[in-house]
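Two complexes, one shared chain (chain A), two partners (chain B, chain C).
This part shows the complex of A and B:
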């Protein structure tokens, strides 16, 4: 890692703004998740409250988790470490503040429109055209700020985290526009099977080109810093970066293996889903070898602890994902709660953990004071860890019950009583995760604005 | 490899461009010339309007429209083809089956059942976890129903024709009074079934099983005491059968079995052949016979050889 000794004048306004954005929307997003989970358990709880009907709560939950909690959390860290790594100031904190503002306006618009039932009905691409444009505009502002910062750098070498941030924001701005069919404002969709293909190309790239590269960027920054060790291998960084871009972008069609799409497309999706082991292991080996023998240092820093745990989750969710692309496995796992478990392991366990890790790592360094409460942060860590692992276990069991029963000819209706207990457990775990979000928000706000810092 | 800004940005863009060509443009060229399947037809404006409610309320998150080779349930008679989706803008394949697949839901039930089910799904399906949609208002629910009844396109049209035909007959019979209605209902059951008594003896265990099945499947329409006054009743016409009126009017275990298995098309009574195995149908039939009709032919002649498990 390159030196950062030169005086940096920045006030971190942008990083702090995204940090608060992430912490706040995590509360709303997890509440929406908890609400949806509760509705599956007690469907008449909010009987005829139209704007909170499950079919509207679910897209609000997902859009807020992706674009309200995880992405801003990861961007917060990026706006902190990109200037640091380049030994310069952020190109424009003013532009950054405008970006944070625009981002939050976009999120409010997304929640209101989805609650009103204004949706394009495509998973991960629900937002209506004006909000799509706001998302693209917000990403464009991030791109300008990041690229201009890179251009004004005083450090000649671009560290791997910077590659990931640049690629993530640029490629996502493009694939978001593609996947949301922004050239057709009225529907935001194509017709028939081509619509499904482009939707899942984009849908999976939300993880492949946004959450994963931004998470990798944070990890590549935090782990070597926390361990005070040089990165294990530059070659592996290169392999991980380029293979991620090449391989991850090919796998979206594994959502359509049981759908009449061209067979050659399915073959590419399956082969590349399994080839994901290359970018995943290149990254993980690089990080884990960097941390080899230094787990004490990681344990000592709550931010690094979140991040490192995220890498372990990444290992499991990736192996699972490759496995799920195999047609024989998917016969059981498709259409049921197994997939919901997989999604939570990936987005909360991996990207969400790393987003929180990034926040907790940079927060004391931005304020120059310790966290308001390390204990609350550790408490949040365990709540999320237990919540995520619990989700994975419970929903995987529910999914196996559903999938195998269906495969044996049982109807969906017949299986509902069998999985009820798992819905109840899932809602209880969801309550833990929501509570931890509230605690985290409190801790982050106190740390940023009021903390005298812990004396210990 | 020297990673400059140019390398990162242009390299990433080149990779993306190549992938978009392979994963988006080539498949588009491949699938864009799909021809209509044998069930395909365009959607009417009313159906399209109903589809907008389907989209607005996120029905797609729990209901797929994607029949696979491995499916058994509703619609599994026919595996989905690319040519089925040519009017779907956007396509609504779905990614979860929290509820059943709806590819071929059209005509599965008559309109009044659909409305009762939308008002509160537990009115017709006591174990359902679907939200109530009464908040949409009756006019919108009717449009949504029009869309749902078109799912399956030409196949749905055939089933709807069947529903309309038998709805007329069922209403005619109902309006002629209980005696004529029961007579008509029984006449729709093939003769062999009408003469068939329930071959199994009445046991406490069998009645307990029947009770459980009744609560999970029948209670919403026929009501907890079998008088046809379940919560769905106000929405259904002809209304659900009051079991007490069939006593001494030629009812048999075979008639009950056949009607539960096969449903009564045109009325809200669905078929349960997919959801209930044989023993469960006999059990719930006998539960109805013992508790509500107060007349059971269980274990009477002719019954052939006793099943080996009978006590």
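This part shows the complex of A and C:
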């Protein structure tokens, strides 16, 4: 192994495959979200269409956002930069293409089964057993490709992004199998409280050990590249990485603070949720210092601009998350739209933004041509930014109204008229985000296949 | 054991992390941190960078249109909130 720069001969088939996967499923996922938002606004709208009732639309939406849009987007960038950082080729582009195919078949199966009402009824773990196995299989293929690439590396040092990608794929494979209780195919669940506990270990780890590390990996690659500056501190980045592993892996119980789970477990979850400030700030300080004085460069690259904005969202969502795990705060915020605001700030504002940023950063470098239209990408950026901030504002207000009323003994349905107006605004913002997904899909397909070589 | 499943889950995570950490320590992954800072910058081969086609500047009209759209969206949100507060949330 040598640290020297070596010419590598990638054709990026896997990265491109995941890129298209992400762009396509973003359209479907945001459409399902928009449909759900419309149903919340007008509950009778599709009441006789069984496969489109809210109870089916919602799991389709969240599964597609997580496994159709964000994860493939982040993986696309990972399949691009991991071999580069290791000065080698991807272990097998053929295996990568098979993975992309398997991944898409799994997503189609997920949508069809959920629309048919086949669900295990556990949040974020709705998929039935055969599809769980397909997910595990697709993940295993990703692991093999990444680990074998690491093994054949020519660069001895693993850059922090590589650490994050490895941790994300390995830990998620374990988390997924355990959280979905795949050894009990008929129910996919344990009984009673232990089931809730293990479900939320899994549920939070989807964000903490899949989306967060993959997003961090992309950020640590794109920001220094776009700024043409070395990372502020690699040691600090490794501190952030290892502390994330220590504290993020067992905070899932902060979703169950209102539930009779053992107190010691709640204490661990609360303490570590607040200790999250350590990995979060280690990451953000490192990135922001790397970008210090170089905002012009970031602004000039639309990919980096998405990514950098994602880091700002990460700051807000994490500080908010730490506060939400305090029991006194959660007495108000739990179960209502406040949490939905947090979820969108995290998954769309942070991980989704970074996924799109990764795609827009690598796309011209994979094709050797500029983006089909920078203008469309900038337009999408603004639509998503306004959409996410708007979501956060209206859903937080709606959540506070609900939480406050419930605390004062008001029943759930009597508050609905009060929050109706926020549901309308939310659906409007959802329309914006869906439109931006369509624009993004068009731009990405044009850039990949039909870009004549000039910019917008 | 009280809750065997999640305890085994936590232990599995811990063991894997520890094994990898010890490997990293012995493998010298925490040395040479100065060079590591430059790793993303070193992968640049010329053909990787997209050709420097001069980007046509977004024309002033397009920028205005974009800003108009952005502000229109924000104004709608502000108007809805204003309406909601004014009417006490009643439709």
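Note that the second predicted complex is superposed on the first by the 449 of 456 C-alpha atoms of A that agree within 3 Å, B and C clash if a C-alpha of one lies under 4 Å from a C-alpha of the other, contacts with A are read in each partner's own complex, and residues count from 1 in each chain.
Keep this in mind: a contact is a pair of C-beta atoms (placed from the backbone, for glycine too) under 8 Å apart; a residue touches a chain by one contact, two chains touch by 3 or more.
It should be emphasised that the depicted structure is a prediction, and the values quoted were computed from it without experimental measurement.
Colleague: Using the superposition on chain A, tell me whether chain B and chain C clash or fit.
Modeller: Once chain A is superposed (C-alpha atoms), there is a clash between chain B and chain C.
Colleague: Please work out whether A:393 is in contact with chain B alone, chain C alone, both, or neither, and reply first, second, both or neither.
Modeller: Only chain C; A:393 stays clear of chain B.
Colleague: Would you sort A:424 into first (chain B), second (chain C), both or neither based on which partner it touches?
Modeller: The answer is second: A:424 touches chain C but not chain B.
Colleague: Which partner does A:44 reach: the first (chain B), the second (chain C), both, or neither?
Modeller: In the superposition, A:44 contacts chain B only.
Colleague: Counting only touches as set out at the top, which of chain B and chain C does A:224 meet: first, second, both, neither?
Modeller: second
Colleague: So, does A:266 touch the first partner chain B, the second partner chain C, both, or neither?
Modeller: The answer is neither, since A:266 touches no partner chain.
Colleague: Look at A:61 in the shared chain and tell me whether it touches chain B only, chain C only, both, or neither; answer first, second, both or neither.
Modeller: The answer is neither, since A:61 touches no partner chain.
Colleague: Quick check for you: in the superposed arrangement, does A:342 touch first (chain B), second (chain C), both or neither?
Modeller: A:342 sits against neither chain B nor chain C.
Colleague: Determine, under the contact definition given at the top, whether A:150 touches first (chain B), second (chain C), both, or neither.
Modeller: So A:150 only meets chain B here.
Colleague: A:233 in the overlay: touching chain B, chain C, both, or neither? Say first, second, both or neither.
Modeller: Second partner only, chain C.
Colleague: Which segment, 4-12, 40-48, 58-66 or 76-84, is the chain C region that clashes with chain B in the superposed model?
Modeller: 4-12
Colleague: Using the superposition described at the top, list the residues of chain A that contact chain B and also contact chain C.
Modeller: 158, 160, 170-171, 174-175, 178, 190, 194, 197-198, 201, 238, 242, 245-246, 249-250, 262, 417
Colleague: Which residues of chain B touch chain A in the complex?
Modeller: Within the complex, chain B touches chain A at residues 1, 3-5, 8-9, 11-13, 15-16, 19-20, 22-24, 27-28, 30-32, 34, 54-62, 64, 66, 68-74, 80-82, 85-101, 120-122, 125, 127-136, 216, 274-275.
Colleague: Which stretch or stretches of chain A touch chain B in the complex?
Modeller: Interface residues on the chain A side: 39-41, 43-44, 46-50, 53-56, 58-59, 117-123, 147, 150-151, 158, 160, 162-163, 166-167, 170-171, 174-175, 178, 187-199, 201, 238, 242, 245-246, 249-250, 252-253, 255-256, 258-262, 265, 268, 331, 334-336, 339-340, 402, 406-407, 409-414, 416-417, 423.
Colleague: If you look only at chain A, which of its residues touch chain C in the complex?
Modeller: 3, 5, 7-8, 81, 84-85, 87, 155-161, 170-171, 174-175, 178, 190, 194, 197-198, 201, 220-221, 224-225, 228-235, 238, 242, 245-246, 249-250, 262, 364-365, 367-370, 374-375, 378-379, 382, 386, 390, 393-394, 397, 401, 417-422, 424-425, 428-429, 432, 453-456
Colleague: Tell me, which parts of chain C touch chain A in their complex?
Modeller: Residues 2-3, 5-6, 9-10, 12-14, 16-17, 21, 24, 28-30, 32-43, 45, 47-51, 53-56, 58, 62, 66, 69-70, 73-74, 76-77, 80-81, 83-84, 89-91.
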